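Here chain A shows up in two complexes: once beside chain B, once beside chain C.
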Partner chain A sequence: MSVTDVFATDQDGFPWEQIVRYVAVSLAALFVLVPLYWMVATSLKDPSQIGIFPPTLVPSPATVEPYFEAWETGPWGQWFLNTMLISGGSTIVTLAIATPAAYALARFDFPGSNPIYLLFLGLLMIPAQILLIPLYNLLSTLGLVDTRLGLILVYSTFFLAFSIFLLHSFMTNLPESLEEAARIGGIPEWKIFFQVILPLVKSGLTATGMLIFVFTWNEFLFALTFLKSEQLYTISVGLQSFQGIHGATVYNQLFAMSTLATLPVIILFALFSEQFIEGIAGLEMQ
Partner chain B sequence: MSETQDSLVGKLTTDRSQLDWRPYVYLLPAFVMVAIFLAYPLVDTFLLSFQEVVTLGGETRWVGLDNYVAVVTDPLFWVAAKNTLIFSVGMIVLPLVLGLGLAMAINRGIEGRSFLRSLIFVPVVVPIVVAGIVFSWLLSPNGLVNWLLTTAGVIEEPARFLNSTTLSLPSVMLMVLWKRTGYYMVILLAGLQGLPDDVYEAAKIMGKSRWAMFRHITLPLLKPAILITLVLGIIDTVRAFAHVYVMTGGGPSNSSEILSTHFYQVAFGYFNFGKGAAYGFILFGMALVFSTIAIKLSGGTEI
Partner chain C sequence: MEIQLHDITKRFDELVAVNDLSMTIRDGEFLTLVGPSGCGKTTTLRMIAGLETPTDGIIEFGGEDMTYASPQERELAFVFQAYALYPHMSARKNMSFALEHTDISEEEIEQRISETASMLGIEEHLDKNPPALSGGQQQRVALGRSIVRDPEIFLLDEPLSNLDAKLRVKMRAELQQLHREIQTTTIYVTHDQEEAMTMSDRVAILNNGDLQQIDTPEVVYSQPANRFVAGFIGSPSMNFLDCRFEESSGTIQTDAFTIEAPSEASGDITTLGVRPEELTIVPTRDGDFSAEVTVFEQIGAYNIIHLAVDGLDEGIVAQVDGSKHFDAGDTVGVDIDPKHVHLFDANDEAVYNPPLASEESTALV
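== the complex of A and B ==
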């Protein structure tokens, strides 16, 4: 299956294995980077370099003008703010609800704990879009269609099961005697949760929070369906509508805004890549 | 052991009654949230799938299985189902094979392992809409891919990837491959790191070939991790929407229409809520059935 295994021979001394390894990884890195480079490069081109063939590989002259021009075409500032508020709000609400739930499932033996755990596992299997229609009706009834709060509540519910599992994995690893010691010491229940447990799973909270923030920042379908007025669009919906209106004519501007939309998640990832990846891998390994 | 210890400590410290109410209190907010925004809509959509909306005011009447029949007798449903099957190769098979190869390549004997892992993971965090827009541009008639292919002499005229009935779906799959390979690689890499070194040492001493080691040691031990990527892949294939919506909108002439974009068209394009609800449950059923098959085929898992 893997090229490495077919070609590698240690006997003849020639480092085939190392060569194949580095070639494969270099090709993968190239595949990852070219689209991102192309996005940033295109965002720095003036209109004379857009839509010409052969394309200019390096923008010359390079200009930041497209960023300013694109910014004038729509309420981009508002869209970024909306996305920030929705992602931030969803992260806070999800963590506030998932953390105590994960604590209950990880640290208590109680009737029904297993079925409840399995129930949450089952929730992960639901393709969320099948709930679009009833959720739309429900949000209308509650007056929450076309509001940021409505989307925050929906996101928080959808990422709840995921977050409970991730936090659960951080909490089960804590020593068993922790709460017992605290209880014998007469520390009240709420203080045990807030002052003993929470500080110990800080890295778990960070990893979970980052993941929720990035997932909600990138979400498209629900934002597209539930946010009707242009003033409330998230950045993804704004980008898609900009592409629909302006088409292929102003790709430099489209990519300027795409770059801005990607920057926050890339920065977050760069800062917390270890927690991020271990969060994903750890969750799936449970 | 911990159970008796717990209850013993419980009895020693306080005199509370048998049933410990604390975990239920901690779970309450999650229950309320799930009940309102998940369970209720799920039941609602299930009921709606047997009804037809007859007035603009939302009045409905019961129509039995009519909505389900309407979905499966819709020729477009089968076109979308076939396309989804092809699409799943891009969502599951290709990134899994590539991710496994890369995981094995960077697992041992390479400099900057954690940097490479992060780099290859980057596309996972890029917004799907941005990925779709960027690949649309890369694959456009005067885009980078056409320039490379014509310069290298592979094709003479620039191809219209996204406007071709044969190339539109593979074009979306290329973007999906870009987006998902790092995701699978990270999961499989975590699985590889759990494999014991001494097993390989023993196999080496016994003179086993690399292929034999891969086939008889790596693959079986990686089974749980591969199973997880399969199940995740199936669920995400059923969920995938923006992937197609942004790049091709399902076209041209439905050549890249997949089940979830067709579902969206039925429910929100034609506002056929009853048929849309039935469609949703068919999708749910598919996700369950295929995940179960994947688990059964791999002989279950002990994780």
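== the complex of A and C ==
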């Protein structure tokens, strides 16, 4: 007997199945939202409400003071800008390389195309930490340690295989007759790529791009390793300063900056959610 | 533009999709490639388009070797079975897209689109994207996209198979009219023998990658080269009965009846073929043999009866006038005109076919 049989509407017509679904979804939502709520709530508390037991669930009084105090602790404007440049740069560089590569692998049967694709898939299995030291070596040889460009290249390397894998799935899903129709129409290959293929994998590009952007926005280990100068820090590296400089962690300020750091990602998602979901759904349909 | 195929073979690994195919498609001709699925007709069309490269053989357009030319270089038009319209572009943009890449002026493009759109009756739909159009409208846009390019060669791959029956008949007539107007060499692929028969100047029948026969619809219908063509062309299909040819008495004998053999009959004859419409239903005592009606199908303009004959393992099918009605269980007589039979040898090759109806009528005059 399957789960749905057990919870299917019984003879009285009681909607068991519906209830179970709602409870499951609510639990999942709670799981995600509680830490988020805790972050925002703590960022609005004054120091007297922090670290006490039992904890106060709702900040009272609520104050935005921690936001102003936190903003003064470091060059946050610069750090936000750095993060924006590095995440945006990594997303653009990765997509610019991965998209044509995925198209070539998905559509052109050239010698070695299959082994090359399998190699990319294999790269996905290598843990990032293992690449940390070789990449550091390579970048210091190139004189790119402690530069934004260096970190952009590192992130792009790291995300290339993943992006090729995702975009490859989107492209193999497109009917080949579209390109064939264009070829017969006398349209050159580059124009087919830009005007037929790219517009049709837009949702796939958006989904891939957002995954790269969000991951690099939050990334800590590589940023900490490759960035030395304080003025080049990203937000995630900057946030750890709340631990170091002041001895004990100043939770309300840490969470205030964390909340601010989360906002751009949420705004981005709100702007592109439709295409993002369409993209992910497109993958699932395969 | 004349197209010549010389000994074209296409293999996909072990599978031979097209086997040593040679044919000439004349300038301005409407030629249909027809056959069951997997017979190699679409592969042949795709090789002509440059979407597949032949494993062996040469393809020539107007005498020029195009075997390895890219699709872009061939300057032909292709209508796909699923239309392959660009879903993110309006119908107008779908039609103009290929022209924008040429040196044709914008005014000229505009003019060609509006002319083609009015010829196809899709003026009001030019600004819609394909997903907002019905199947028939998408079909017309796909045709329009090909027509505006004013190609020398028109290739169509089962363009009507996604339409409903009524629209299919309508589009069939429109395509014929279109061909009369633009007079472009056209190769049309279909698995539907009725489409092949109604639209084409000539029909090429393929099976398992081999060309079976290429001729006018009248000839492939009346004088099929072999048993495959005889069975494939015509609906309902030709009846085939095992038979022996008695040269001494000049008769064809089956397990159930004996008929007079046509005077031209000779050699090793093993199969008698009779089209359902060539069988005449008569009172029991007048027929060559009698049969029992097992199923009666009321079509309207004509009706179909399935018959069981004592001594024959397989049933036979006859086509009768729409005014005639029978019930299952009725016993009828069946008359066969010896002039209108088809005789096949042990290799299924035709050894006798009736004369063409057109020749018969001239003879009468």
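In this section, the second predicted complex is superposed on the first by the 235 of 286 C-alpha atoms of A that agree within 3 Å, B and C clash if a C-alpha of one lies under 4 Å from a C-alpha of the other, contacts with A are read in each partner's own complex, and residues count from 1 in each chain.
Everything below uses one rule, namely that a contact is a pair of C-beta atoms (placed from the backbone, for glycine too) under 8 Å apart; a residue touches a chain by one contact, two chains touch by 3 or more.
Predicted model, so just to flag it, every value in this text is computed and none were measured.
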First, second, both or neither for A:42, with chain B first and chain C second: first
Touched partner set for A:184, first chain B, second chain C, both or neither: both
Chain B versus chain C as contact partner of A:214, first or second or both or neither: first
Contacts of A:200 with chain B and chain C, given as first, second, both or neither: second
Touched partner set for A:157, first chain B, second chain C, both or neither: first
Partner chain(s) touched by A:108 [first = chain B, second = chain C, both, neither]: first
First (chain B), second (chain C), both or neither touched by A:175: second
Residue contacts with chain A in the superposition, chain B compared against chain C: B
Touching partner for A:147 - first (chain B), second (chain C), both, neither: neither
Doubly contacted chain A residues - partners chain C and chain B: 180, 183-184
Chain B-touching residues of chain A, taken from the complex the two chains share: 1-6, 8, 17-18, 20-22, 24-25, 28-29, 31-36, 38-39, 42, 51-55, 96-98, 100-101, 103-105, 108-111, 113, 116, 123-135, 137-138, 153-154, 156-158, 160, 164, 176, 180, 183-184, 189, 193, 214, 217-218, 220-221, 225, 235-236, 239-240, 243, 248, 251, 254-255, 258, 261-262, 265-266, 268-270, 273-274, 276-278, 280-282, 284-286
Chain C partner contacts - residues on chain A that touch it in the complex: 175, 177-178, 180-188, 191, 195-196, 199-200
Chain A-touching residues of chain B, taken from the complex the two chains share: 2-3, 5-6, 9, 13, 19-20, 22-27, 29-30, 33-34, 36-38, 40-42, 44-45, 48, 58, 97-98, 100-102, 104-106, 109-110, 114, 116-123, 125-131, 133-135, 137-138, 140-144, 146-147, 151, 158, 178, 181-183, 186-187, 189-191, 194, 210-211, 213-214, 224-225, 228-229, 232, 235, 238-239, 241-242, 245-246, 260, 263-264, 267-268, 273, 276-277, 279-281, 283-284, 287-288, 291, 303
Residues of chain C defined as touching chain A within the complex: 49-51, 70-72, 74-78, 80, 82, 84-88, 97-98, 101-102, 145, 149
